[in-house]
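First chain written, first letter: the chains are A, B, C, D, E and F, and each begins at residue 1.
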C-alpha cells in the first residue's frame, strides 16, 4: 500500500479472482481517496466488469481484500453496500413502472423521502422531463441509461461504481454524466468507472490498466 | 428523390412511423447507393433504432416506403431480408452454444457451407481465437459484441444495418469494425449505422440527422 | 423505515395490478386446470366428487408454483436485483414485502374464486368453508417456500421447470393436510388437528423462508 | 438447403441436451405431478385406478404446456429471433426444425417414461400400449399448437401464465380423445375412432401451425 | 417455373395431401361414433367388468317401468330397439322421465343385461309443440 | 363496388359517419324484435307438450348461444381481413367484439345450466356440446388476455387476429357436436336443413328473439367501435371536429 488509508479511502489490496479455475484478475492493487476517480481500462474481456462487481461486494475475491474505512468489505458487506451506487451493463429499471415511479421506488429503497420537486429537477437535468409518466418499457436505450444515471443524482451515496456508463448516451448525455461526476468528486465522493472512451480530463483521475484476458 | 435509383440503391421515401399515436419519424428521406455508408445520428430517443428496424423490415412504416431494387420492401419482405445483416442492441448470440457453434449456426441460417478454416480466420480477425470453444454465456460484453460482428465477416450480405455497433468495444475492436466496413463498402456493399461516436472519416459517408424526440 | 417499506409493498402491488395478466392469468390457469380433470377423468360423477378436493388443491398448487417462479425473474433480468442488494433496508425485509404483495395479488384471488369451482364439483356448504380456510392457511406456505426456490434459480437463465421440481416436493405436506382436512370435512370428522398442523407450517416457514430467500439471492448475484 | 436445416435441427438438439435441465425438468415435473395425485386423493386404490389415464394425460399436458413456453423465449431475449427472420430459409421451415427438435427432446422422454408411471397406477399391458400410442399421437399436437401460442406472446416480457391459458383450451379435444381411447381400452371397446381423430388433429395442426407460428413471430418482431 | 414457384407448389401440395388425409380420418372416426354414452348394442359387444363405471343411453321401453313398494326404487328397460338392458335405480328421477323418453344413465353392468344405475338423466329431443298438437298427432314420441 | 365499400365502411372516418346513420335503425329494429319476442314468447306461445312452461327459457338460451357463436365467427372473419388486407376497421371490430361475445357465452352457459337442472336432472355434464361451449368461453378469455398484454397497436391487432382464426375450429365442433356425438344436449331444432321441428307459434317469437339479440350485438358493437375509432384517430382533424361539435 502506497498511501496510508484514511477513513474515506477505498483500498484494493492484491486482489485475485478466478472463474472456473482460470485466474481472471491477479495482484490488483490500488487505493482511491475521497474526491478521486478510478478509471479502469483494458481490452475486451480483461475483467473490468468482474472487478467492478467485486468492488460492489457482489462477488468475493479468492485472495486479497478490499478495505473500506479500514475494514475488509466482506466483513461488513451489508453496511458497506449501503454506500454504493452501481450502474452495470443492465440498468436496473423496472419496465412496468413509469419513469417517475422508478425514481420513487429508488428513494424507498434508499430509505429517503421522495420529494416530487427534487425528482422533477433530477429528471430535468437528465433530459427526461418530457417523459416523466412514460412506462420504462417504452424507453429507448439511451433514455434507459439516463434514467439509470438519474439515481446517482437522486440519492447521495459515497461510492459510485459505473460500468461503461456512456453506453448508448449521446454527446449531451455524456456531458451531463461528466457534470454529475465533477459534482460528486468535489463533494468528496469516490467514483470507479470502467470505460473504453475517455472521460473528462478535469477529474482527479487515477488509472488502472488491466492486462489482456487470460481466459 | 435526388438521384435516380439504380438496382442496388436503397431509397427511403418520405417515411412516417408512429407508436401509440405519437409520430416518431416523419418525412424521412434519403438514398443510399452501393458503396455508401449512411450514418444516422440524433439525440437519445429520437428514433434511430426505430428507423433501423424499419429499414431491416421488422417494422412497417405508417406512410411512405423503402425501395430496394426499385420495389417496396413490404412487397418483397422475405426476399429483401435475405440481403441483410442486422446487429441491434441485443447481439443475437445463443448463450448455450460455444463461440464456434454460434458461427456454424449462422452459416446454416444463411444456407452457406461452414468452413472451419474460414471460421477460424474470422475469429482471429475479431480477436476471439483464444475462446473458440468457450460458451457464449461466459463471454464479456465486448466479446459478445465482437462475436456478433463476426457474422458480418462470415457471410456476405449486401446491406449491413448496425445499431451502435461500437458499444462495449475497446479501441482495437473499433479498428477492426472500421476495417470490416471499409472492405464491405469497397466491394459495393451498403451500410447503415446509428452511432453517437464518430466513425472512420475515410468511408464515403452520408449523414442523416434525426430531430429531437417527439415522444 | 416503515413508510419506505410500505411504499415498496405498494409499488409492488401497483406493478402487478398494472400488468393485469400477471395476476389474472394464474387465476384463469387455476380454473382451466380444474376444468381439465372432469374432461380427462371420463363420465363417472361419483369418482369426480371423490377427487374434487384433490383436484382443487393440486390446481391451486400448480397455479402458485407457476406464478411464484416469476417473482424475482424480471428483477434479475432488468438488473434491479443488484439494486435491492444495495438498499438501505435489510434484504430480508424487502423480500418479505415482495412476498406479502405477491400473496395478496396472486393467492387471494384464487381463494376467492375457489368456492365457485367447488360448486361445479358439487361440494356442500361445509366443505366449501373448509376449502377456503384450508387454502387461507396453505397458500402462504406455498408462497414462502416457493420464494426460496425462486431465489435459488435466479441466476440461471431459462431455468424452465427447474423451480417446480425443486419446490413441489416441499409442498407435499401442505397438500396432504389441506386435502386431508377436506376429506375429513366431507366425512364430518374433526378438523382441528389438520388446521393446527397447517398453522404450524405457516409459522415455521414465515420464520425461516425470508432469511433463506435473501441468502439465496445474494448467492445468485455472485454469478 | 436440407443440409443446413439438418444442421439447425441438430444444433437445437445439442443446445437442449447441453442444458440438461431444460429437458430433464419437464420429465421430472411430469413424474411429480402424477405422483401428487395419489397423495392428494387419499389412499383409495379403486378411485386411483379409475383416474389413472386422466392423471397421466393431464400431467403430460401440463409438462408440455410449461416447457413449450420457452421455445422462443431465449431466442427473443438474446435477439436471435431477429436473425431467424433474416435467414435464407423460409421462417416456416426454421420453425418446423425447432418444433421437431423440441418434440424429440421434450416429448419423447415423457412418452418413454409413461409406461413406468402406468405400472405405478396399475395399468395392464393393453392399456399401457394404448397409452403410449395415444401419447405418440397427442403430443405432437400439443407442441404444434403450443408453438403458435408461444410465438404470439414472444414480444411480451414476463408473460407468466398467459401462454397456458391461451392454448390449454385448444388442447382439450386432444385430451378428450386421448383419455377417451384409454377409457375405451380399459372397457375393451374399439379404439380406432379415437386414434383416427387424433391422427387427423396431428395432420391438421401440422399443416397450419408452422405457418401461423411464423406469422406470429413476425408480428412479435414488430414491437 | 422458377425455384421459388416450385417450392411454393410443393408446399401447397403437401398441405393439400395432409388435409385430405385428415378429412378422411375424421370421416372414418365419425362413422365409428364417439360417445358420451354407449347404446345397449355397443355395451353388449364390449367386455366390461362390474367395477367399471359406464354411461348407458337409449329409450325407456314402453311398459317397462316398475316401482318398488318403497317407491324410491325403480326398474326399467333401456332399449335401442335392437337390444335391451334392464336398469335398476335408487334415487330421484328427473321430471321428463317417462316411457319412450330418451335417457342417459350412469352406473355399472352387474350381470348380463343387468345395469345398476346411480344416476339417471333425461334426454330431451329436438321437438317442441303444444300439448293439443301432440295429442292430435297421436303418434309415438319416440323416433 | 369496392370503392363504395371503402367510402361507407372501410375507412374509419367513413365508418364513423355511416354508423351514426345506422344506429337509430338498429336500435329500432332491436326494440321491435325484442318487444314482440318477449311478449309473444312469454304470454302467447303455448306450453310445451313435455316441458310445460319451463321451455320458455328457450327464448333466452338459444338466442344467446347463437349470438355467442355468431360473434366469434365475426371475429374470425375480421381476423382474416386484418391479417390479409390490413383493414383497421376489421381489427377494431374484432377487438371490441370479444368481451361482448364472452358475455353472451356466459349467458348461454348460465341459462343452459338453469334449464338443465329441471329437464335433465343436472346443472352440468361434461358432454361434447357443453364442453365445447365452455372452451368457447375460455377462447374469448384468452383472446382478451392476449390483447390486453400487447402494448403496440398494430401487433395487438395482428396477434389477436391469429388467435381468433385458430380458435374458429371450435365453432363447427360446437354446432355439430350434437350430431357427431351422442350428447345429453338435444339435437338441432332450427339450424338444420329440414323444416324446424318446433310448432310455428313457438317458432316465431324464437326467431324474433334471435334477431333481437343479433341487433343488440350490432348496436353495442357499433357504439364501442365508434369509441375505439375516436381513440385511435384522436389526433386527426376530423375527430377534433366531431369532438368540438359534440361539446
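Simple rule for what comes next: contacts are C-beta pairs under 8 Å (C-beta built on N, C-alpha and C of every residue); 3 or more make two chains touch, one makes a residue touch a chain.
Small disclaimer: the values here were computed from a predicted structure and weren't measured.
Under the contact definition, chain D and chain E share the contacting chains C, F.
Counting C-beta pairs in contact, the chain pair with the largest number is C-D. Of all residue numbers used where chain A meets chain B, over half belong to both copies. The two sides are thus made of the same residues. Note: the chain lying farthest from chain B is E, by mean C-alpha position. Taking each chain's centre as the mean of its C-alpha atoms, chain A lies 30 Å from chain B. Between the Cα centres of chain B and chain D there is a gap of 37 Å. Within chain A, contacts with two or more other chains are made by residues 89, 95, 137-138.
In chain C, the residues touching two or more other chains are 19, 21, 25, 28, 32, 39, 42-44, 47, 74, 77, 157.
Among all residues of chain F, those that touch two or more other chains are 131, 138, 141, 145, 149, 151-152, 154. Chain B makes touch with chain F in their complex at residues 19-21, 60.
Only residues 19, 21-22, 25-26, 28-29, 32-33, 36-37, 39-42, 44, 47, 50-51, 53-55, 57-58, 61-63, 66-67, 70, 73-74, 77, 156-162, 164-165, 168-169, 172, 175-176, 179-180, 183 of chain C touch chain D when the two sit together in their complex.
On chain A, the positions that touch chain C within their shared complex are 56-60, 78, 81-82, 84-86, 88-97, 101, 104-112, 114. Note for the complex: chain E touches chain D at residues 7, 14-15, 18-19, 21-23, 25-26, 28-34, 38, 42, 46-48, 51-54.
On chain E, the positions that touch chain C within their shared complex are 36-37, 53-55, 106, 118-119.
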